[in-house]
Structure formats: structure tokens, C-alpha cells
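Chain lettering (A, B, C and D) follows the sequence in which the chains are written, and residue indices restart at 1 in each chain.
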Amino acid sequence: MEFGPHLLLAILEGAVQAAVLTLTAVGLSLVFGVMRVVNVAHGEFYMLGAVLAWCVTSTLGGHPAIGFVAALIIAPLMVGLIAAAADIFILKRLEYEPKNTIVATIGMLYVIQQVTLIAYGPEARPVQAPFNQRISLPWFEFGDAGFALTWPWGFGTTTYKLAVIVAAVVVLIGLWNLMARSRLGLIMRATQLDREMAQAFGMPVEKVNAMVFGLGAALAALAGVLIVPIQQAHYLMGAEPLLLSFIVVIIGGLGSLAGTVLAAVVIGLSDGVISVFFSPTLAKILSTLFVALILVFRPQGLFGKRDL
Amino acid sequence: MNLLSTKGLSRSFGGLRAVSEVDFDLPTGQVRALIGPNGAGKTTFVGMLCGRIAASSGRVIFNGQDVTAIPAHQRIAMGMAYTFQITSIFGRLSLHENVALAMRRRGDLSDAAVDEAVTDALRHVGLADRAGSMGGDLSYGHQRLLEIAVGVAQRPKLLILDEPTQGLTDGEIGEFNQLIRSMTGNTTILLIEHNMDVVMATADYITVLNFGQILAEGAPAEIRASAAVQAAYLGKA
Amino acid sequence: MTYKTPKPETRRSVLTKLAASSAVVAGAAAMPGFVRYSQAQTSAPIKIGFQVHGTGIGAAYGRWYDRTTTAAAKLINDTGGINGRMVEIVAEDDGTDPKRGAEVVEKFASQHNCDVAFGTLFSHVVIGSSPRAGELKLPYFVVSEGHHVASGALNRYTLQPGITDVKSQVQAMAPFVASTLGKKVTMIFPDFAFGHNHRDYFSAAIKEHGGEVIQHIAIPPSESSFTKYFPQIPRETEVLYHVMVGPAVLTFVKELGEFFGPSRPEIFGFIDSLEAVDLASPGLEFLDGTYFWEGNPRYAQADQSEHDKFFRAAVGVDENGASVADPKDVATYSHMFGCWETLHVIKAGMEAAGYSGPGDRAKLIEAVEAMTEMPLSQGHPQGPKLFNGKTHQVFGQQYITKVVNGKLLLAHTAPIADTLYPDEVDYTTQSF
Amino acid sequence: MSARSKTLALHVGVILALLLLHFVLPTYHHGNLARIMVLSVYAMGFNLVFGYTGLLSLGHALFFAAGMYGSGLTIAHLGFGAEAAFLAGVVSAFIISAIVGALALRTAGVALMIVTLMFAQAGWYTILYFGEYTRGDEGFVIQRPDRVFWGIDLSDASNRYLVALLLFAATLIITLKFVESRFGRVLVAIRENEERARMLGYDIFRYKLGAVILSGTISGLAGASYGLLFGYVGATFATVQYSILPLLWVLLGGAGTVLGPLVGTAFMTYLIDKSSEYTAAYMIVAGVVLVLLTLFARQGIMGEVRRRFLPWLP
């Protein structure tokens, strides 16, 4: 394929990754920003979303759209509740002491993963997309015949992939409204800005923790539901998004939501684009080191202001 | 000869100028009190002296050497000692270890010598009998004393005491005053203090800080007499 | 790595060396209680340690390896066991992890007192476990299709008599690909050892048949979306050769279809890309008319042998290669027969060696090494095989099937001759 | 009996007990214990940073793997003998921990945890990327002839045990000496109150770096020995899981106790070994244990013992 379409395709693919990644990472960022909790189990909430989506769709049956819509509602809800419970019964009792919460969430990671293995099994199971038509994309070139549209071989995408991008944007707008307009949002923003001050102003900081943790997990789960028609639900699928979300949240500046979104888009796209230029595995090495070094020399992240 | 002096030392946080253009000289062997109303910039100023806070501009000269760019731990190694305003001892380590850590850093003492010196230092503040117990188990007042003992134990050229008598009972304050007097001569002391009785009882000389600038300097009597100081400080006290 | 013969090591020199390093420790070695051996009672059942991928990336394979093994053991016991002794399968999960794998082998050897260990699929677990098997003198029959056995990387106690290795599989595909599908090949493979085997062996083999690989596309580990790599496929590609493993295989194949849309080259894939995946899964329609390597045809063929019929019935697999109980539960049909056949080889070996207990382990291995022809039979339902005692590796015919209306129909059977290659090791020269 | 002599008696006792077990243990547990001792060397290394200095690293697998591959690759490609290879492994762990430490220690807390995780991840990818030499995920075998150390055949069960014991004893004594040394005490001070320690004039960074290097080198020593004793070098040992395991062992056994790592490693190994006989998902045990530890026994086993019975325990 010529360079132009190749790059564009990579960007398109990157955009889908970015969309899902943004939701996952925003969830992680929210939890860190407001609760100062590093949730190592975040990837497992993403996985749970995907797995639950499979359960819902396969039990409902009928036209794929029905089950999928149901999954979009049920899966995040259930995961959110699970997470809230985890906060109340575990994290709260640890008084959110950083080292202990990290260790505890590592423990939660294993528990969620292994319980899924027992209940759901080791297979990767597919969920049918509500709709999925292939769209061939055109490319232009200036031949001797002047300007002409061509349809490069293999240059295309699918309606569902585009829908995922749209969905992510919609959810983000919704989230933005929640943060900007609702009381919960106010409390969250205040806590994020200055926990002590928020408490001083008599805000129920501790009370919102469970909600925030649930919301963060629900976002990850939603991402899981959106991705599962493209990828399959598998009990080990949580590792990759966890690592990527960490990267995103760091680059975005721990806790800064705007930074996180920006970073997610950049990382997601570059993940696609880098593959155009580098040997993929080498690319992974370089990007991982890059992130580490950013944290070393610019702990507040590329876009963030707050120090750790 | 001045052990410590600053030239045009300034620090601003965002727009706010916490300390501005302070020229300060502390002769060797003197007990100097640094006083001033809340928010006068005392802690910021001291922070810059011992390197916990970086100066925006100006210089700090300690023992004839410009230490402005030198990190805190090296300044300590050069003979400063700092006791925290909010007690900051090793709560889960024994009193003995608390003091021993301060002694060992100098590296010139054998373990036996350290043990001896530690007992000595603890006796100095009347905590010798508690040497084995955990720092965190002490009463607040005793923790302050331990804090001071840790400072003293470093045998510093300059001992910076940040509000050392805060939360001490009158009895303990009395002991503290004796302690300070007992050290005069061989140790230069910079004392940040709210309690004027303590200041008057211990200080040879007083510097008054207000709005980040030196308002007045002088012997206790002069300061007590100064109208400006009273307006700025004592009036409120 | 080439194998050197161990230098003999006397207890005394061991002691002096140890003494040099630590007086305390040295004293110990001199004292008795070293050799720990436990003879199984000849009346007791023959214990076969089954190293199964119960968790981890291998789990989907593990479950079918388990079912096949249970079925084979049942058959053997129903027909009188081995040397009149019943077979007992002792299964332990290795978590598809080499460290745990080695521990499991130790457990078989000295805790469960198994006579042999068997059943491992994933190469890194085999390679991690085999040294311990060798040291514990525990015959270790792997079902891994890896080239590690025949390459000489392992030891005399490790054998692979039930499944052809990847080198043979791959090179046996070359003639068909070159003659029937096309000469310009683009390969897509995972960027780690398993994929590199495909890359190296096929690239070499296709050259010999006048073809060439015009592009290698390596997919990094733990990748979950693939479309972005496909544009690297050159336009002039005649055949796309794909092999993928792990949980993302279905995504891989689906996105391949979405990428090509209407106009695709010939596609030849290793069924690993779709092992345990239902061909009827949404998005796989485009596979119609493409070709697959299969170790053993998943769908019952028109000329299905009675033995394959028997094998399916015994394991509980229907004619579509799915579980009789649940048609959505698709078997790892191209690999799992290896467990069945390996158990039968163990049986034959033990009977030939007059095996009576761990003392005869060496005899058992020699007996297996002596094997050559293994004709198509109930014990070898996948097809006839030829065992090479020197390399401890078996060679069997390979199948190429074509997707027709969502079923895999046999298109070509690669004869054993196509799978052979020169020996790379002679394990029989190693002492026990 | 002074605390010092009690300590000495206890630890010598433990070593002698392990030596005694060599003669009485049935084969399986004998082999298990050998592995446990090597792994607790790794755990002890981790404990120096986590338990004594209070730094949470999630990247120690990098150091373990550095030791393992440092020795394995030099044997496979440079024809090193076991002795030289072992040294190569330890040295490469030393170098890598020095580099990683110098960089990562510029951060603290959460950032430190993530930075170490990232470095380790990059290390794992690197092993896969150079599959031509490392055989990638498959890894490779160190053949028995290459595993003869000073003429001692490390593939022999009793030699393995005794060598493992030697390594364990050495590390135990080193760590014991170390945490009682002035350097070690400063590390504890840093853990307890970093700012105070700095204002006593200690160069925090230098001490932390020292801790990371010693810890990383010991981890590498464990990795190198593991490869030579059990004959396999593989990439899984560089994965995140092998960074989390020592954390699990140390927490369980008791962070900041000298014997904790051994106790934790042994306990966890047998817990998993037993539970795997009942459930396929035996890692669930690891998860549950981690959560329960943080909730109810942050001190870990030896930590509780110290708190309740033996306050003098180092």
C-alpha cells in the first residue's frame, strides 16, 4: 500500500484504540486524581466489562443489537457496584494508604482474574457487533489524467469501528457535564484540587470515594463492552489496557483529566502510527522506556501541572 | 566574625513575596532570637538558611562559604543543625537510636563513643532513663526535648531551633532555658520563638522579621523598647 | 546449543570443592541419606503424570488435552491396561509457566512417584521442565509440536513420539503452496520463538520449491489489534501465510477479512490461528475458499477412517470437531490427538520393555527409541507415523484443508516423506 | 542473653536447621526447599529496598532476569564456564540496578513504582526482541555439562540443595550484617522519616541508591543461581508477575525482618502447591492472601512474631 493510505489507515486504527483507551484511562485518572489511589486492578474492570458483555448477549440472544445495548447498560453498572463494594470493604479500611492500596489492588487483580477463569473459562469468546459493514475508503492521486480518486487495496474500515469512536466522544461529553454541572462533579473537582481544603469546606470527601471508584471502574467496563465486538472477551485481556492506561495517565499528568484525554489520543494514535515506521516490538521497547524517562525527568507529566 | 550571614535573600511563592532582600548577620557564639508575627516569613527564611527551601535570589554564607547552591544535607554536614517546628522524630525508633543517628553521621565516633555520647545527650534533656523506649511513645513535650537533644547531639556550629518551646509546660520551658544557657559559648544558636519570656531569658540579640523584611534588630531591652516592634508584634501578642 | 558429554564427577572431588566453599556444608555431603528412590509396587497402577495447561495462555488447549488424555487412559484400562496394570493419570496444572512446570515435574517424580510424565504443549514449559525431568531420570513425553526435542536442545529423557514438530509441519506445506497457491508469499507470524520457527523453516522450504517470501510481518507479543500491520502486505502477494496463537487469534483473522474485503490473495493459514475457534463465528465468512494446515482434520472427512471415527466418539467430539455436549465448544483437534497417540506409544513401549517400575525407566526409553513404523490404527488415528529414535521425534503426514461453506474439506495430504529432515542430534549416544 | 547474641543464635540455628533438613526431608520437599532457598535470596534482596528502605519497586524481575540471562547468555554464546557465567550474571545485575536506581530514584512513591514497572517491562520486551540470542519466550536450557561449578555438578539433587543453602546462608548473614550496619540503620531512618534523616545531614539519594544496587545485585545473584541450579533460562522470569512475587513473599513473611523472606517464600510456595491440587485457579490464593495481609496483618508473619514475642528480632 502507498504511504499515504497506509498512514491514514494506521491513524484510523489508532483512533479506535485511542477511543477505548481514553475511557479506560480517564477512569484510572479520575480514581487517582480524586482518591489518590493507584488502582492496579483497573485493567480487570475493563476485562470484566467485556466478559459480562458476552454473558449478557449470549443469554439474551435475538438480534445482536438487543443484547449489545443491554450489555452497554448492565456491564458497567455491575462492575461499578463491584468496585464500590471493593472500595468500602477494602480500600476504605486501608485509609487509602498508598503502599497498602497498591498491594491490595494487586491482590484484587488476581482475585477478579482467577474468579473469572473459574466462572467463565479460559476461552476467548466473541460478541457479535450490533452492526458491522466494511467501508472501502477512497484515496486521491494526480495521475497523467489529472486528479483522480482511487480505491487502494485493503484501504477501509468498518461502521462499528467508527461507531466506537463516536460512542467514546459521547461518553466523554457526558462525563464532562457530570464533572461540570453535578454536585458530585463539584465535590470531585474540589477534592482533586485540594483534598484538605475540600474537607475543610465540609464536603463529604470520604463519602464520594466509593462513588468515584465505582465510576472509574464503570468507565473501564464500558470500554471493555465497546471493544469486545472487535476483540474477544478473555480473562487475561486486562493487562495491556492497564499498562497503556498507566502510560496515558502519567503522560497526561497524574490526576489531570484534560491531560489524560489528550495523552490517550496521542498515545492511541502513535501506537498505530509508530507501527508504520518501526519494527513493532522495538517500538514497544522504545515507548515504554520513553514513558519511564518522562516520569523520571518530568514527574508532572507532559501536559500536567501537579507534581506527585 | 560572622558564622552565618545572608545578602539580599529573597523568596517569593507565585506573586507573594514571603522573604525579600534580607541582609542578616549572625556572629559566632551568639544566641540570636528571630521573632515576628505569624506569616512574617520566619520559617521560609530559616528554610532557606538550612536549604529546605531554595532561594529565589540572594546568597547565604555559612562559615565563610557561600552555601546558597548547596543541598540541605551538605549544609548540615558543614555544621548546621535544624530542629523542626512540628516535632519530627523517628517515632518507631528508640530514643537511643534517634540520637545515635544524629551522632553517627559525623562518622568520627566509634560505636562505643556514640553510645556514651547518646546517653550523655539524653541526660542533658533529662530523658536518659527512657533511652530504650520508642520515640512515638513520648509525651509531646518530651518529644520536643528529644528533638532538641537530637539537634545538640550533632555538636553543630549553628543550631537552628524552630519554635522549640511550642507545647511545652512551664516546667519544661524552664529546663529548656537552662539547656540553652548551658550551651552558650560553644554553640551559635538561632532561635525562632513566639514565647517572649523564652526569648528574653535566652537571647543575646534579637532580629524582628515583618512582612518578609527585617523590621528591627537589637538587644532584648532595645527591642522591648522599640515602638515599631510593639506596633507590629508585641501589640498583637 | 550443541550437547557435550558430561565430565564424570566423583563424590570425593565434589566434597573437596564443597569443603573449599564451606566447611559446614562439606560435612553434610559425606553423610548418608543421599540417593532417594522409591520403587512402585508392581501390582500398583502405572502412574502417568499429566502436566496440563489448566490456567494461563495455554488453558484452552489444556482442557482438550485433558479430555483426550482421560479418554485414552480409559480405553487403555478397558482393554487390560499396561502389562496387566491399570493406568492412573495424575494431572497437575502448570499454569503454562516454565517455573511451575519444572516444579510439577518434580512433584510427579518424587511426590506422586509417577512412572513417566507427559502431555505438555507450550514450548517454554517443555524447555523449562525438561532439564528437571532429565535430572530426576523421569521419562518425559511431550506433545508440543515444538522443534526443541529434535533440535537437540533437550535430553535423553525427553521424547515427542505423538506429534510431528513444527519444522516438519511447515516444510511439508511448501510444495503445495508453491504448486497450487502461488510463488510470492507474505508471512504474518507472532514475533517470538514459535513465530520465528515458522519464518525460518518456511522461508527456506518455499525457496526449494521455486517460491519466495517477499515480506515478513512480525506481530509483537501481547498485541490486540492487527489491521495497522496489514498494509505492509505487498500488492503483488500471491499467497498470504498466517499463523497466530493466543487469545487474540479470532480478532486477527477477522481484521484480516475486513482489511481485504472483496479482493484478497490466496490465503494459507496454520489452524493455530483458529484452533478452538468456531468457523461459524461472526466475521469469518471471508475465509471461504482459503486453506489451512491441520494436524488432524477438524471436520470428519468423506473418507474418514474408522480409527478417526472411533477417536472422536471416545473423546466426545462430533463430526464438526466440536464437543458432543456443546457444539460451540470447539476442540483443538489438530493437536490433541497427540496425547492419545503418545499414551499408546507409552503403552507399547512399556510392554516392549517389560516395564515393571521406575527401575526400568531406561529400558522404557530404549524401547521407544527402537520404534520406527507406527501404522494408522486405533492407537494412531491421525495417520501413519515414522519415529526417529535418534532425535526422539515422530514424523507423520500433514493435512491441508480448504474452507468450503464454513467446513474444512481435505485438499491435500502431505506424505511423511515431505516432513523428513536430516538429524540434528543423536540422543542415544547420551548416557542415562 | 543480649539481643545481639540472641539474634546470632537464632539465625545460626535457622541455617543449621536447614542443613539438618537436608538429611531428613523426602525427595520432593528436599527439592522444593532448595528452590525456596534460592527464591528467598531473591526475596531478601527485594526486602532490602521494600522492607528496610520503604521503597516500593515493581520492577525487580528485571534484576532477577539480568542475573539469569547474564549467566545464561554468556554460557550459550560466549562459552563461559559456570563460574565466569555466574559472575557475569551478578555483574550485569549490578550494572543494571545501578542505572535503573540512578534514574528511578529521582522519583518517589507512585511514580517510583510505575517507573520501575516500566523499566522491567522494557527489559522483558528487549529479551523477546533479541529472540535470535535469547530464544525469546521459549528460553533455553543450560546443559548439565555447563552447570559444573568448581567441579560441583549443580544438577545433582544434594549438591543443589547444599549450594542453595550456602547462597541462602551467605545472603542471610550479609543482610543481617547490613541492616545492623550504620548504612542499614540510616536506610531504616529514611523509611521512618525521610525529611528528618535528610536534616540530620544524610545524603538520602546516595543511601537509597546504595540500597537499590545491593538489592538488585542480590536479586541478580538469585537469578543467576536459579538458571544454573535448575537449568533453564526463560523470558517469563522477566514478566511483571515475577516482580510481584517477591513483594508477596516479603509482605507475607514480614517486611523489614531478616527471616521474613524465607518464611514468606516457603509459606506461599506450599500454599500454591497445595491449593493447585484443589483448584485450577490457584493464583486466587495469592490474591486473597495479598488483600488479607493489607487488611489484617500488615506486619506479616515474622512482623507479628516480633511484635508479640521477640521484640529484638532484626
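The criterion applied here is as follows: a contact is a pair of C-beta atoms (placed from the backbone, for glycine too) under 8 Å apart; a residue touches a chain by one contact, two chains touch by 3 or more.
The model shown is predicted, which means the values in this text are computed figures rather than measured ones.
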Least step count from chain A to chain B, where 1 means the two chains touch: 2
C-D against B-D, pair bridged by the larger set of C-beta contacts: C-D
Chain occupying the middle, per Cα centroid: D
Relative to chain B, chain with the most remote C-alpha centre: C
Between chain A and chain D, centroid-to-centroid distance (C-alpha), Å: 34
Centroid distance [mean C-alpha coordinates] between chain D and chain B, Å: 43
Distance between the centres, which are taken as Cα means, of chain C and chain B, whole angstrom: 74
Junction residues of chain D - those touching two or more other chains: 125, 128-129, 280-283
For chain B, residues contacting two or more additional chains: none
Residues of chain C touching at least two other chains: 55, 59, 191, 220-221
Graph class of chain-chain contacts, one of line, ring, star, complete, other: other
Touching pairs - complete list by chain label: A-C, A-D, B-D, C-D
Residue ranges of chain D in contact with chain B within the complex: 182, 185-186, 188-189, 192-193, 195-204
Chain D contact footprint on chain A (complex, rising order): 32, 38, 90, 93-94, 98-104, 106-115, 117-118, 239, 243, 246-247, 250, 254, 279, 281-282, 284-285, 288-289, 291-293, 295-297, 299, 308
Chain C - residues contacting chain D, complex: 1, 3-7, 9, 13-14, 17-18, 20-22, 24-25, 28-29, 31, 33-34, 36, 38, 54-55, 59, 92-93, 95, 97-99, 102-103, 106-107, 109-111, 123-124, 127-128, 130-132, 134-135, 146, 148, 153-155, 191-194, 196, 220-221
Contact footprint of chain C on chain D as seen in their complex: 15, 19, 22-24, 26-28, 30-32, 35, 76, 125, 128-129, 131-132, 135-146, 148, 150-153, 155-159, 162, 165-166, 169, 230-232, 234-237, 273, 276-277, 280-283
Chain C-touching residues of chain A, taken from the complex the two chains share: 1, 5-6, 9-10, 13-14, 16-17, 64, 114, 117, 121-124, 126, 128-129, 132, 134, 136, 153-154, 156-158, 230-232, 234, 236-237, 239-240, 272, 275-276, 279-281, 283-284
